[in-house]
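Multiple structures are listed underneath, in structure tokens.
Note that chain A is present in both complexes that follow, paired respectively with chain B and with chain C.
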Partner chain A sequence: MSRHLSGFRAWMWQRASAVYLAGFFIYVLAYLIAAPPVDHQALKGWVGNPGMWLATALFFLFLLLHAWIGVRDVILDYIKPAGLRLGMLAAVFVFVLICGLWVLSILMGVL
Partner chain B sequence: MEFQIYRFNPDVDQEPRMQSFAVEVERGMMLRDVLLEIKSRDESFAFRHSCGEGVCGSDGVNVNGRNQLACITPVSDYENGPVVIRPLPGRPVTRDLVVDMSDFYHQYHAVDPWLKRKDPVPEQENLQTPEQRARLDGLWECILCGCCSTSCPSFWWNPQKFLGPQALLSSWRFLADSRDQAEDERLDALDGPYKVFRCHTIMNCVDACPKHLNPTRAIGHIRNLMLKKSV
Partner chain C sequence: MPGEPRPVFLNLLQIRLPVAGVMSIAHRAAGVLLFLALPFAIALLALALSDQEGFAQVQVLSQQPLMQGGLLLLLWALAHHFLAGIRYLLIDIHLGVQAPWYRQTAWAVLAAAPVLALLLLWGLS
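== the complex of A and B ==
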């Protein structure tokens, strides 16, 4: 199976997503320190702003992509038996997918 | 001075053991001299060595947890404690300090470590500018001792799939060579999740290299070239 997984593309996406994750994290941290939302309604309003909503959605998309590539790397390194490897990759993929759907449902609720 | 040496003869031993030797140390002595002294006392003791001056790369061993060439490692570096000498890690032990390096050589061979030309070979010299030649410094000096690849955890886990730091350094040596004309072919052969991308920049290779080369940097150059070619 791993023969069909690209090495270069995965590496490139992991690096690119890391840059976005770092940038978004610093921005959110700076915003929360400089102008923390006064209540839950204000927080919802901030995240619900279309620009911020899109940036947050992208953050979670890249976070899950980054995590998938990282965990996939660990599995490729250490898990040799093909059946066990496939099972673990599938389990991680399902977990990442569920997290993604969960994030999506939360983000849709904010809109 | 006390030296603890890994001993294992698969023909007679059930499992490996450490054997202690007391060797009188003289000024200027290298670890290879100690191993030769032990060999003179016990002929069944096996280790590889040849030139004795850090050129042939035969006597790579693991000393107190670090891969070294025994012939250029002064015993005086270890005057404060016991010296534990084991075979290079992660390789099947043939006997005592001699390991099977087949995977290592196979990976070296897999990167086609020779110049490939598409144009006809010039009748005389294949000239380079001093700058083009300078790009090969830090690459051509590799002596294939295996200290780097056998200190790399990624190579331990996947020695048949991951090329390892030595082969990747050699690969970059030819990718960086202005006389080579097979860049695309070489890069295509390196793609896939295993050959280059099992390197997680652990950098044990840089720490272990007795020639002070930097395989991690070479691997970074390969990845950057792949990136450059893909955009």
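== the complex of A and C ==
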């Protein structure tokens, strides 16, 4: 792979995703405080709205990217033995992947 | 590099970390905690979106003391990670780098995060 997500590229993605995540969190928390969905139908209507659906899908994509870069940095900083480090990185990668597929299946169900 | 090895002093109980360091470590810890909480958050979202019964279950669950405690902890982690993250973004564009600003903003983040978390918990319930 020629385009590793490391160095400056990872640093930049970490910040770009952070800005999106911050904006999405502000919107969702403000919405949930001001006008929380009263029932299942209302929640489904909110998340299923095309604009919100896309924003939510993008949110989880950026969230998992942000989490991967962040946790990867933490592991690289504190875990020195090569085998343990590789094992933990692999576990986190699988964890992120499963979360992503899970969210995808949930979002597809709302459509 | 030739010469004597650098002195290394890593006794965590004796190092007196400056406040920006405490805030920074907390930013990391909060990030890892939020990462580990992801499956629980996704599970709640899945349940709430499944059907009306699931939605009602999430409503009942979220009122239980244990869930409220967990939610407060996660909201604190989120608030800290959010505020510290904004501080880092500002430092990236060279805002708040100089003394005493970097120290004062670190204190502000540490103090404001639990307040914001309590406000959010109160607003959400």
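Keep this in mind: the second predicted complex is superposed on the first by the 106 of 111 C-alpha atoms of A that agree within 3 Å, B and C clash if a C-alpha of one lies under 4 Å from a C-alpha of the other, contacts with A are read in each partner's own complex, and residues count from 1 in each chain.
The rule is short, and it goes like this: contacts are C-beta pairs under 8 Å (C-beta built on N, C-alpha and C of every residue); 3 or more make two chains touch, one makes a residue touch a chain.
Since we're looking at a predicted model, the values are computed, not measured.
In the superposition on chain A, contact is made by A:His40 with chain C only, not with chain B. Between chain B and chain C, C contacts the larger number of chain A residues.
When the two complexes are overlaid on their common chain A, residue A:Gly7 makes contact with chain B while staying clear of chain C. By the document's definition of touching, of the two partners only chain B reaches A:Leu76; chain C does not. Remark: chain A residues 15, 18-19, 22, 25, 29, 32-33, 36, 39-41, 43-44, 47, 67, 70-71, 74, 99, 102-103, 106, 109-110 touch chain C in the complex. Of all residues in chain C, only 28, 31-32, 34-35, 38-39, 42, 45-46, 48-52, 54-56, 78, 82, 85-86, 89, 92, 120, 123-124 touch chain A in the complex they form. Chain B meets chain A in the complex at residues 154, 157-158, 191-198, 200, 223, 226-227, 230. By the touch criterion stated above, chain A contacts chain B in their complex at residues 2-3, 5-8, 10-12, 73, 76-78.
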